[in-house]
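Here's a structure for you.
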Amino acid sequence: MSERTGHAERWERATEWPLMATAVAFLVAYAVPILWPDVGTTVRAVCEVVQWLAWALFVLDYVVRLLLAQHRGRWVLRHLLDLAVIALPLLRPLRLLRLVTLLNVLNRRASVGLRGRVAAYLTGGSVLLSFVAALAVLDAERLNADASITSFGDAWWWALTTMTTVGYGDTFPVTTTGRFIASALMVGGIALLGTVTATLASWLADRVREEEAASDDVLVELRALRREIAELRAGRADSS
Amino acid sequence: MSERTGHAERWERATEWPLMATAVAFLVAYAVPILWPDVGTTVRAVCEVVQWLAWALFVLDYVVRLLLAQHRGRWVLRHLLDLAVIALPLLRPLRLLRLVTLLNVLNRRASVGLRGRVAAYLTGGSVLLSFVAALAVLDAERLNADASITSFGDAWWWALTTMTTVGYGDTFPVTTTGRFIASALMVGGIALLGTVTATLASWLADRVREEEAASDDVLVELRALRREIAELRAGRADSS
Amino acid sequence: MSERTGHAERWERATEWPLMATAVAFLVAYAVPILWPDVGTTVRAVCEVVQWLAWALFVLDYVVRLLLAQHRGRWVLRHLLDLAVIALPLLRPLRLLRLVTLLNVLNRRASVGLRGRVAAYLTGGSVLLSFVAALAVLDAERLNADASITSFGDAWWWALTTMTTVGYGDTFPVTTTGRFIASALMVGGIALLGTVTATLASWLADRVREEEAASDDVLVELRALRREIAELRAGRADSS
Amino acid sequence: MSERTGHAERWERATEWPLMATAVAFLVAYAVPILWPDVGTTVRAVCEVVQWLAWALFVLDYVVRLLLAQHRGRWVLRHLLDLAVIALPLLRPLRLLRLVTLLNVLNRRASVGLRGRVAAYLTGGSVLLSFVAALAVLDAERLNADASITSFGDAWWWALTTMTTVGYGDTFPVTTTGRFIASALMVGGIALLGTVTATLASWLADRVREEEAASDDVLVELRALRREIAELRAGRADSS
């Protein structure tokens, strides 16, 4: 049992960097034919192959981690997102979510506080999410006659106005695929916004708490208690 | 008195699943003629009958619970929403709010923490709210000449952009009924957003508190106090 | 000095209900000519007179309270909003903010907890703010050729989409006055939204804290301490 | 080492007011040719010179502070925003962020609590941010044929609808520069909104905590503990 856990940990440590490289390769292979649609047939084929290879590696990693898991049923339940990402080949953009592990790895390497890690996630996650959503929506919308998103500049601008919930309405998806991507982006944007607020709130609450610490009822009570006991000891020493 | 409370509890346990089934039947009977407007007259009539039966069951449940309540005046005040849902037959969509009890029941069955339950409510409530609002607004808007919401796809997309407060403006209600539904959806959306933020904030605050627990002034003081008393006891043992 | 404070308090208690009645009268006199623009000249004149009388009473109240204040300079600084509301006759809608005192009075009468009072303020404040903003923007926009807000229905719908920051863009002010009113409404909407979130967050945090109270480090430590002292006392009793 | 720190502090105290004046001068010189585009060539040239002089002074201040820093590497990392503001001459509007120091200075002069200072930052920061963004976007958009922002009124209105995430869509940037400015404004707006919420949340949480302090488990336990020890001392006094 504990031997298997050891194997699982060693596997995760060993595959960290290769999987990150795979995710980056997948992102590049995904982005190139979308950003430069008039690229040659060879490049297009290479990108296609790289995408499939990356997917195969993700499947391999998933299977190995499943086999090494202590309680396989529970492990599957706790990694449902991983399963969705590799099991739905039609929802290509979702596979790019695997790139979030990159942030995870970078963060574990750096030794910063929780709030620093949250800030890094927010910044990295926002940039990655908007970039991937822009790519995906551009891919879905470009060939539609009514589309208002026809260049990568438009697409990123749209992603930004959506994530911040500004939503001017100058650019918006009109295809069903585009609307699904937009839905995912909105949910992601709300979560990011919520975390920004939460980070600020807890930081501020701590600052205020520090200022008020001196006048804290509990501390006042505790210090009085300590004095009382010190006197008790002193009294005992006198009487003996 | 306590006998009546026992009756009330037994009634609620016994009607939990039947009421849930009734709510689901009502939702289906409400959705079918809206989603497929060219359905036959028979199906339409069946749906109408099912809706009225479901309403009758809700009224019955309300009356029984009122009769079994200990303090009837207070009970009515605490269940004003239940009263509104059954007393206003013209506001059909609002009756669907009864479906939220479904989440309630599912949650009580599962034994998860408060935060897990909140997450389940958020997800379930969002999907249910957007689905019902999309149905209701589609029913209200479809026949209007200026309507920008003419299919269920449009309606759900509108519900999503409204709940997230993105509001592109490509789809919006133009009828008075549609605007009332939109108002309810906006208020619901804000509440959901606020709870998302609150959940994240309290989760994060706890994580930070745990990390800082070791350096907590109060705990430091308490441990010093304990050492002091331990020494006091030891001193007593020596002197006796 | 303390005599003057007593006078101030008695003045505020005595003028509470009359000022509230004045504010309601002002609101009615403000709303009538906007809601029914083709009302007769007599009614219009009466409304105008009522508005000026109400304004005169507010000025009188301000002056009396200023004269009765202990530190007049500080009092003016702490009541800058009151001053702005009565000193700017051109910004008629802002005077209606005086109506918020109505909520204040109603709340002091009821004996509910802080969170209950916050919820009442949120609901009352939202309805009042949206109603007043809708009236003001309708008054400002109606006669403009490019206006998208031409009926009270449009105006309230606009107020709602603005306060919730949804902003479809189907209705928006085009005049400078309308934009100033919109600015005030946006700021008010953000504050309301922020308080909704804050209320939810603090309610949720309390619920979680209650559940975790039993496993609180500080409490565990304290109870151990208490046992220790109980044993110390028992030991003392034995040895004597 | 400590001598150098002393120099750094004296430098910051001495340059506080001159740098603030420089920032104001820069803002005026930046605003004048944008607000009045048909101003004479001489005025335009003077504004250009003032902008360059202000920039030179900011560079000088940066270099001096860098030389006086104890750990230069760490100082550069902690002041990356300062570096970005002075190192990117093409992104003129960003340099105006230096004006935020003005709020910093004003705040340090006033002796108010943390929450008062946060409120002042929110108000001042919002006005400054919207003003600067309006200027910058007007400068970028005015000459574009498709622009919906053609006057300072439009620009400020756009800044407000963007910061509050309302986003009607009646005014929005169409140039790339304008979109970059909008991105910065959106991020700033979210941060401001988050802080508003955080301030309200922590204020409310404190109010509720005060009300509940009397029934706090920890305090109850502590007071019981104190009584116990008092009795212990009393008992000791009796037996001796």
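Observations on the model:
Order of writing sets the labels: A, B, C and D. Residues in every chain begin at 1.
In this section, contacts are C-beta pairs under 8 Å (C-beta built on N, C-alpha and C of every residue); 3 or more make two chains touch, one makes a residue touch a chain.
The structure displayed is predicted, hence computed values, not measured ones.
Residue numbering shows that chain A and chain D use the same positions for less than half of their mutual interface. With every chain reduced to the mean of its CA atoms, the largest distance from chain B is reached by D.
A straight line joining the Cα centres of chain B and chain D is 39 Å long. We define each chain's centre as the mean of its Cα atoms; on that basis chain B and chain C are separated by 28 Å.
Residues of chain C in contact with at least two other chains: 165-169, 193, 197, 199, 201, 205, 218, 222, 225, 229, 232, 236. In terms of inter-chain touching, the protein chains here all touch one another pairwise.
Residues of chain D touching chain B in their complex: 165, 167-169, 197, 201, 218. Chain contact summary for the complex, chain A toward chain B: residues 113-115, 118, 162, 165-169, 172, 174, 176, 179, 182-183, 186-187, 189-191, 193-195, 197-199, 201-202, 205-206, 213, 216, 218-219, 222-223, 225-226, 229-230, 232-233, 236-237, 240. By the touch criterion stated above, chain A contacts chain D in their complex at residues 153, 157, 160-161, 164-170, 193, 196-197, 199-201, 203-205, 207-208, 211, 217-218, 221-222, 224-225, 228-229, 231-232, 235-236, 239.
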